[in-house]
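Okay, so subunit A shows up in both of these, paired with subunit B first and subunit C after.
After this line comes the complex of A and B, so read on.
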């Protein structure tokens, strides 16, 4: 009996979370006449909204931009972040503790505070309307360093010793010994970084005006603001939103085993 | 193959010296075992030789070559670790061959050495398994295989058998001894297990607080410990110690114990030293000393007759061929190893005799007073 109640509550929560998403998915496939109803199943499904979205704004190009930017940022965060985490966790050098403390301190500063200085910097560098403006400020991430460092601290010292005796240098130890062991935390950092970069709206709005360089969420925002509010427009916007959401959901579904494993153990273990 | 020399080696962590004035020459092909309690610096010495730890002072040579400042990969040493340190994502084959691949050894040569090691260590059936799919003993063999195929100048073993159960430990000990006879590489071996130390070593190095206490053949260290630390450390159960002083009497030196916590009417222990523990330099009279008696040099005797020690049995541990008697004598605990028999009841009066030929004597500072079995 208690079990049944438990499932009812869980079911209700699931519906509350899923319904808007399903409604969005369904409505993106509806003809204008059906848009606005509560049902999410279209009576006569159509891909017209997707076609319209595609021809009215350069969403194809924006999709490629988003993929490029998010992928480069993710790879950079994983490579540079794990290198920094390795150094902070396993190498002895003067200033290591201070650097560690600084990394934590960076987390305490809200991103909104650094927005203006970073923007000024990008302008001074002449990077406005460039991929560099979209990528470089996010290519390095304190949270990634902390998560990976925490994991690297747990790798037995003897494994590093064995690798050194086998003739490996530090970079090789990092990429051939630590990386395979750290699949779970790397996946976690990868997903979080990719999602963050993929969904970022504010920053691209600041530094990119050229439509050719716009990312998907940016273009979607611009498109939504300028597109009017009729049922056809709404359905087209929802189609664009679907294009935005699907890759992230797919990535998560693919990597969730690592993600959950990592969240449950290594990632947050002190 | 090569000899190994430590010359005036010192290691400090922060302000604490963990290894001091370490001098040792290991001959080509020799197996030297470093023993000592935890924190005595034995693993640090091994790690310094491997290049995993920097020296604060001193020189380490492998053969004629000064390797003090060289990184691990240029030292031509291979190490077997207590926790095996196998790469979890590689198979046994991958683990064994990785070091050779990194050294750009030709493929056929890698395969030849791999098969050679697999044959000696009987690893054939496990070559394609990952560490997780292997037992502790199998993992340890893979770790040894990884060291062997490198064909290094020096083998280093850092407590390689500590993580195995007693049965497997005995078995692997024999394998290491066998391997050693077959390969004959110079080896430094760190352990705190006495059976390993006694059976494997050509020479034993006993360490305490970063300093060498004694170096010698295992049996010599056992029979003639250089000081009280070595006497107490080597041998299981530990040697019994009794503080007292030397007197002259009965035609030779006599050991007279200090009164124990429970002052006995008998006036403690008087033990006439065996004739070959003379002559009796006059300077020794009245000198405070510590008597050391190995548990196996005590015998149980009838309490009615003359006995060196009379006490009360606290505990009898039957181990099969022998039994350990824990006897309280004047407030001090003695342990005797005697042939198994019907054990006396706890609380029973027990008499113990001491073989005067086999006692040890130490100065108040802990140094042995015996040289070649004679008091000096």
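After this line comes the complex of A and C, so read on.
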């Protein structure tokens, strides 16, 4: 009997979390006359809202921009980041201590403090309206370095010695000995980095003004502020939001366990 | 040079250069910018402490601080109660357990821009879903985002909906770490479920609650896209956030010195608020 109570509470909560998404998907398929009803099912579904948003703003291009930016950032954080983490964990060289200390220290600095100075740097470099402005400031991530370094420290010394005896260079040791062992932390870092880059909106709003270079959340934001608030505009904006939401929901449907565990284990919120 | 030293330098140099350019330089330069007046077009000029003086007397800045505390006053309790409640309900063998968890977590992975746009539609006065539901119950339409008293609470509710799944997972991990014997011991003494929850579970979840408070507070001070899309900071500046004001100073008014000053002030305020929270919650534990 008590168990039934839990199901009622959870069911009601689930409706509150899922129905808005269903309603958004449904409304994006409705003609203007139907927009605003309680039901999410359109009586006469239409793709007109999708056609309108697609011709009014370069969403296809923005989708590609976002994919490119998020992919390059993720690869950089994983490949260059793990190389740095490997050196910091397992190699002795001058400056290692201070680099380790700095990695921890910069995590304590809120992003808002560095936002404006970094922006002035990008402007002075002449990087406004470039992929470099969107990618380079995120090419490394101190949190990722810390997570990977922590893991690399636990790899047994004997494995490294054996690889060195085989004449392997450090990069080969990193990618053929350490990486296969580090699949879990690499996946965590990869998911968090890709998600963070994919969802970022404040930074692109600062450094990109050319519509052709805008990322998806940025273009969506700009698009949502234009136009009116009538039923047609509302449905068109929701259609645009669907372009951003659907790929994430699709990935989440398959990988939700990894998403949840990655974020919970590191205490990082998207 | 030894091969290990050479490899170490080679592999870590890109990261060291990155830290220098995108962490250390910006941190140091933020303090320099505080002293400058600079529009990024003409040469910067030394302004002494003008930016700090302006900040002290800037009604918009103080309004943004007040707005943030209004947001936190609603968001924090809501977030803790809902996250704790749903985690507690989920912390037992239930049918479809991972489905419930994944459902509550879904908004966490979705871009803030998309979630905010979705809620602008939910909150729309005439065609929005919320007023539609109220209408079915015979209640009048609520001007969610245009009434100065309602707009910030509305944003706080939206932020809770967006983030609560994350905190449910944190509380679930906390609940899983409480030994069964704790519950059984108190049940043997005949305590009611509420008593057990209040006097055993809740105190043991203290570390999780601290984490929820810390992360939500930081999040509250970083509000940007929510007011940017939903209200533009209005009505009557009641939803203007510090980051939105900082963004406008840099992007729209071209005042780099003043925007950086806001950034430094924000960092100091976040640090102070977190310290005070630690103090208060820390002493509560000893009592």
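In this text, the second predicted complex is superposed on the first by the 235 of 270 C-alpha atoms of A that agree within 3 Å, B and C clash if a C-alpha of one lies under 4 Å from a C-alpha of the other, contacts with A are read in each partner's own complex, and residues count from 1 in each chain.
Going forward, contacts are C-beta pairs under 8 Å (C-beta built on N, C-alpha and C of every residue); 3 or more make two chains touch, one makes a residue touch a chain.
Keep in mind it's a predicted model, so treat the numbers as computed, not measured.
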item: Three-chain arrangement built on subunit A, subunit B and subunit C clash or fit; value: fit
item: Touched partner set for A:166, first subunit B, second subunit C, both or neither; value: first
item: Winner by number of subunit A residues touched, once subunit B and subunit C are compared; value: C
item: Which superposed partner A:110 touches (first subunit B, second subunit C, both, neither); value: second
item: Touching partner for A:4 - first (subunit B), second (subunit C), both, neither; value: neither
item: Which of subunit B and subunit C A:156 touches, first, second, both or neither; value: first
item: Touching partner for A:55 - first (subunit B), second (subunit C), both, neither; value: neither
item: Partner chain in contact with A:180 - subunit B first, subunit C second, else both or neither; value: first
item: Included angle at subunit A between vectors to subunit C and subunit B, based on C-alpha centres and rounded to the nearest 10 degrees; value: 100
item: First, second, both or neither for A:205, with subunit B first and subunit C second; value: second
item: Smallest separation in angstrom, by C-alpha atoms, between subunit B and subunit C in the superposition; value: 8
item: Contacting residues of subunit A [partner subunit B, same complex]; value: 156, 158-159, 161-168, 172, 177, 180-181
item: Complex contacts: residues of subunit B adjacent to subunit A; value: 47, 50-52, 71-73, 77-79, 81-89, 98-99, 102-103, 146
item: Subunit A - residues contacting subunit C, complex; value: 3, 6-7, 9-10, 13-14, 16-21, 23-24, 27, 35-38, 80-81, 83-84, 86-88, 91-96, 99, 102-103, 106, 109-121, 123, 136-137, 139-140, 142, 145, 169-171, 195, 198-199, 201-202, 205-206, 216-218, 220-221, 224-225, 229, 231, 234, 237-238, 240-241, 244-245, 248-249, 252, 256-257, 259-260, 263-264, 267, 269-270
item: List of subunit C residues in touch with subunit A within their complex; value: 4-9, 11-12, 14-16, 18-19, 21-27, 29-30, 33, 38, 40, 85-86, 89-90, 92, 94-95, 98, 100-114, 117-122, 124, 126-129, 132-133, 136, 161, 163, 165-166, 169-170, 173, 211, 215, 218-219, 221-222, 224-225, 228-229, 242-243, 246-247, 250-251, 256, 259-260, 263-264, 266-267, 270
